[in-house]
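Paired with subunit B in one complex and with subunit C in the other, subunit A is shared by the two complexes that follow.
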Partner chain A sequence: MKRKVMAMVLALTMTTGVLAGCGGYGSSKGSDTTDTSTTTETQGSDNSTTAKTQESTATGDPILIGALYPLTGDLADSGKNMQYGIDFAVEEINANGGIDGRPIKIIYGDTQGDGAPGMTEMERLITQEKVVAVMGAYQSGVTEVVSQVAENYQIPMITANATADSLTSHGYEYFFRLAPTNMMFIRDMFQCLVDYAGKHSNATIKTVAVCADNTELGQQTATWAKFWAEKNGMEYLGDVLYSKGAADLTSEVLQLKQLNPDALIVDNYVSDAILLTKTMNEQGYKPQIMIAKGNGYSETSYLESTGAQANGILFATEYLQGEKSQDIYDRFMQKYNVALNGHSAEAYTVVWIFKQALQNLANAGKEINSENLKTELQTIKIENSFEGGSEIILPYNTIQFTDGEFNGIQYKQTNMLGNLVVAQFQDEEIKSVWPFDEAEVEIQYPASFQ
Partner chain B sequence: MKKRIGSRQILLLIMLFLVALIPMFIKTPYILSILVMTFYTASASLAWSILGGMTGQISLGHAAFMGLGAYISTLLLMNANFTPWVSIIVVFFVVGGISALLLSPCFHLRGPYFSLVTIAFGEAFRNLLTNWNYAGKGQGLLLPFGDNSLILMRFKSKAPYFYLALVMVILMYLLVKYIDQSKLGYALKTVREDEDTANAIGINPWKYKVIATFISCGLVAVCGVFYASYIRFISPDIMMQDQSVKFVLPAVIGGIGSAIGPLIGAIILTPLSEYLNATLSSIAPGANLLVYAVILIVVILFQPRGIMGWYENSKFKIKLNNWLDKLDGRKKE
Partner chain C sequence: MSTFLQAGANGLMVGGIYALIGVSLTLIFGVMKIINFCQGELLMLGMYTSFVLYDQFGLDPFLAIPIVAIFMFIFGALLQFTLITRSLKDEDDDTNVLFLTVGLGILFQNLALLYFKSDYRTASSIFSDKIVSLGVITVSLPKLVSFILLIIVTALMFLLLKYTNIGKQIRATSQNKIGAEVSGIKTKSIYAATYGLGAAIAGITGACLMSFYYVFPSVGEIYGTRSFIVVTMGGLGSVVGALVSGIVLGLMETIGAVVVGSSFKDTIVFLTFICILVVKQRLKTKRG
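== the complex of A and B ==
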């Protein structure tokens, strides 16, 4: 009987484990969690097509594209967001006649946030569903696994979100990247600091320090921060790394206080971000500038939990609601009742890139197949807006997959022109502050934290 | 006592032969990759069952030992051009040794306390590799690409992996079966049933637990070599505790303590979860896991001893045996 009870307890524990998908403490989980969920109210729209499902006017043979995302597990929320972005783009495209009358159809695969199921699903998409191209995956680790499968089967693949720099250095012919890499994230964060110090003589930014978790991403942030600090003539005082999902960050904050950098660079998942902000407040540590890699700081729950304590904190992100995309942002909000964020905006854009490439093929009278699509993607250059679609809603105006090299790392078929925007919490709202020419407001300096 | 070759053996051989023929008829990589994962999971589960099933020490850290095997073989391959075939032997002894050494002070813990320790060790190894520069830190390691090579266990198609996995699972099964019926197996089972009695009759529980750990962890590390060669990318994520559960479940469902249990469990569970994932996940994300979990709960609630536990006491077994005996021309005893 005792054995039976124990078996049942054990079984239940394991079942919950299975249900939860995977433990929420993966190292490469969430390649970059930059959910920019601005809480601004949507403006009442007078557009008659909003909120309604647009009817598809394309009736031909559908063109199949695979999308591989974590639809279950602890990253399911993020996966869902990207799914919205994709569906939204597909609906727009098909409502406008698709590609010469052929609609785009997305076949989803669920990676469960793990490499091995991701690989099997990728094989299903390619060999069973016979997709012409694939997009995904969210996490860098999973993308690493599935991109080699795509390469093996010679199916073009674009990743919208994976940021690990190494992904594009394997020389793959069929793998493309839209997302800004970790290097670019930290580069732009430093550029923002340098620009501000150049413009305002009262700001001295000579020393920096990093506070991040000790996972792959945190480590990369520290490495790149050191690199860019030296490049920009700043002194790197050191990094304070902690275990992800920390229960207490007091000693870390005291360490930071002792280092006392002019600018504090942080990269934390949302729960750690909240804890860090609160602990800093308790300990009375107020660095003059605190700049975060989007990640936890751009999640809605961050601002909800910290409130005014977040005021003055800067964060870099892939997308901010602005003039360029207000219409899309509003319609998206009405349809799904969540804000368009960095990830969904990128996923949305990738579908449009596919559309443009396929359209180019159709216009040139070429057959639509993986090989031609790959060649087209290698040469495609999209400036300002998509043909028959909206402007590029991301903070850059050109999309082109080029090869490059930086600090000994090869970047193949990466959108090297990508860049980020920096926002700041001011009066408990998210305001864009950098690049200066597109900024809503001036940077608050020093940060008030109240 | 020598067994005659009877209908049982012949039937088994025919079944094996049919399984081996699968890649000739089914060319779809998707189906083959599901089968490869099935064999791999079954192998790891069989390895786990030596410690978890036979000896009754429920380990929830086996994914870490699998990961260690994968890491050691990959590092040897990348830095010393070691063929995975040699790594198989290396990792068996190295990982077996390490785990036996580390876990040996913990064998005085019983029941869930031991399980907790194994979780802790798993996490410790994962953190170690997440922070170890030489092993690629959290970014993981990508195995070198190139043409097909049997020596490097590298193939572009699925069929060779299918046969490798098939051979692995057969050998693993035969080994577990052999241990199960050997003197060692009886000693392990005695330890499982009652440590004090075992001690009283001259079986040192501590010694046998060390032996079981060595074999079990060593074998699961061998599965890790296969995993690395097949997936061709490893990161500390493969050592997460939920991966360990994937090795435990087939044994629990198939029947803890029987040699064939983990095999049957894996043959049912892996394709089932893949099938549910493919059919349900895009319609209603999460529904596949829900259905999977309900099936698990039902089995465990009504058949705590797993499928083999049911089979051992069922009329079906008697009928099957009768039928097989008839085929052999033997009389019902």
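== the complex of A and C ==
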């Protein structure tokens, strides 16, 4: 008995010893105080958000919008970033009177980065919280399954971030997409290469190869790269696909070295991106030009881990600081102590799209419900800036959900006018380099990797 | 040809890490017959220890090895002493320990997630980003140093088990616990010491890995599965077997990736593993 007690005590001290420090390890992002304050809001409890709305001018009956993001689990950090973007927009909107005095209130659902809990949370948001519309989710795989639930319940849903092309091919009436799709990502990456080669005679970009993981997204990258290479008159030398979360990428780099393309196209999650960059350095492989799909390369921990080895790598992303509305970027930074990134900027924008659509309904004297909101979203066209808000902070000036088709793939209710910007790591900083007329600096060619 | 040589060299280096984590598991799983499903998490804890030492005190991951090893030894011994020994039954029933270690693994992972967040963290060493060229082959220096450390650790473990008093006691306990107790061996302390040793080597592996890889809460999953393959292929409890099979595993991965393509890397590894398991069992039954 005595022993058992001792064992318990020891076990307890071991765990509490660890837990004692649970304020969080000196994270580079966000201070602990902001962390906890947003977590309370996350719970979807009425107190915090109502308290906030009471301060603002909008005090009417709140309009409920659901937001499904990974708030726990491996992707919690990314989820939190998007949550900041959403909260930031909501605060702006409600401080300016909301929609005719009615504040917007966001009810969060936690997907845990997985489809099954995502579906449960989606059902909760719709049936119990009775939200009028939903935004989310972060990953394409999760968005795929939860969008089906929204469609069944006839609740309009906008995805701010999901890029898989197939998401908008199901003919769903209630599903809208703001994010540029994979096709657009690769299209713009190639366009950047073509533009550069067209402008500079010293750059020859005739052959390309791809390095990506063998997930569905990675394979799509390879497929689109092949398509756009042929369209642009380049030779596609092949792809090197590996299992996500690799322990070692030396063989992959050796294969790339053998293919020796003029331009290397990559799409990796952050862990693999760090490993690939380090391995390329170790194996002395320096392609003239390397361009990545934002993905891992736009995360802060990538640059922190690779440092100067990243210099010269290009990546396509949804948003870059300084391009437009530096003011929003600065205020966001001040409030949350993290940078507004592509994903949070998109999430921010989606809240404003909802606001604009709801405002339009109110102006037309229509009732605010899911059906009317869907119809409004189908016809809405936002140019340059939001009514009573800022300009569109993303790299495009028009937002409209239209139907389209490209290379046999249907895009329904997608913002087909979206495009990307390309940035380059120079002196361990992110500089925008494409489109040229909005670029901060010239592309460094060939890439130095040091 | 040079590609193959390079792939071979890379295989040796990666295999070195697999071998080292294999050696750590073979002590726990092979010698003590404890199915330890949190070996990957012990590695993860070793990596974070090394990272914290680097981050707070600027200690080079390689120089931090003694501290990490001692810390992990104490942690492992304490874990064994307080929890694992108590869940061991006298009969040959492993299910208790199995569930316990799986649970511990999940606990450690989530504690790390809570405390360190899901960020990827790296530490740099004086050897970091340095490259050694031998003719057509280039090898990164931290990997080479880790490989040399592996050889030293394996040799020490081999000698310890074979010739020292405590090594003999460990082997005796492994062969027959009751017999060992009858001969006056304090099996409980031996269990704790062995688990501690296993954890310490996992810690050493972690510190080595830290010099060229990155740490995140679920990093253990990548290495945990492979450590079981290494131990099973190398023969339970055989330190030299773990060394050889770790290196073979690394070579299979890198050369296999060059020959048949990266997507099939894991396929080759697991196919070979299954074949070895079946053939081994066959040979065993044939011998009677």
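Definition applied: the second predicted complex is superposed on the first by the 394 of 450 C-alpha atoms of A that agree within 3 Å, B and C clash if a C-alpha of one lies under 4 Å from a C-alpha of the other, contacts with A are read in each partner's own complex, and residues count from 1 in each chain.
In this text, contacts are C-beta pairs under 8 Å (C-beta built on N, C-alpha and C of every residue); 3 or more make two chains touch, one makes a residue touch a chain.
Predicted, not measured: the structure shown is a model, and the values here were computed from it.
> After the superposition on A, what does A:Ser448 contact: first (subunit B), second (subunit C), both or neither?
neither
> Check the residue A:Ile107 against both partner chains and state whether it touches subunit B (first), subunit C (second), both, or neither.
Only subunit B is touched by A:Ile107; subunit C is not.
> Where does A:Thr120 make contact in the superposed view: on subunit B (first), on subunit C (second), on both, or on neither?
Only subunit B is touched by A:Thr120; subunit C is not.
> Using the superposition on chain A described above, determine whether A:Glu144 touches subunit B (first), subunit C (second), both, or neither.
Only subunit B is touched by A:Glu144; subunit C is not.
> Going by the contact rule set out at the top, does A:Ala76 touch subunit B (first), subunit C (second), both, or neither?
both
> Is A:Asn214 touching the first partner subunit B, the second partner subunit C, both, or neither of them?
both
> When the two structures are overlaid on chain A, which partner does A:Glu282 contact: first (subunit B), second (subunit C), both, or neither?
Once the two structures are laid over each other on A, A:Glu282 reaches subunit C alone.
> Touching A:Ser166 in the superposition: subunit B (first), subunit C (second), both, neither?
Touch partner of A:Ser166: subunit B, not subunit C.
> Name the residues of subunit A shared by its contacts with subunit B and its contacts with subunit C.
On subunit A, the overlap between the subunit B and subunit C contacts is residues 4, 7, 10-11, 14-15, 18-19, 21-22, 25-29, 76, 214, 243.
> Which positions of subunit A touch subunit B when the two form their complex?
Interface residues on subunit A, with respect to subunit B: 3-4, 6-8, 10-12, 14-15, 17-23, 25-29, 71-72, 76, 79-80, 107-110, 112, 114-117, 119-121, 123-124, 127-128, 140-141, 144-145, 148, 152, 164, 166, 170, 214-217, 219-220, 243.
> Would you mind writing out the residues of subunit A in touch with subunit C in their complex?
It comes out as residues 4, 7, 10-11, 14-15, 18-19, 21-22, 24-29, 73-77, 214, 240-243, 245, 247-248, 250-252, 254-255, 258, 270-271, 274-275, 278, 281-284, 301-302, 304-305, 309.
> Could you please specify the touching residues of subunit C with respect to subunit A in the complex?
Residue positions touching the partner: 3, 6-7, 10, 13-14, 17, 55, 78-79, 81-83, 86, 107, 111, 113-122, 129, 131, 138, 140, 212-214, 216-218, 221-223, 226, 250, 253-255, 257-258, 261-263, 265-266.
> In their complex, what parts of subunit B are in touch with subunit A?
It is residues 28-30, 33-34, 37, 58, 111-112, 126-127, 130-131, 137-140, 142, 145, 156, 227, 231-233, 235-238, 240-242, 245, 248-249, 252, 256, 274, 277-278, 281-282, 285-286, 288-290, 292-293, 296-297, 300-301, 304 of subunit B that touch subunit A.
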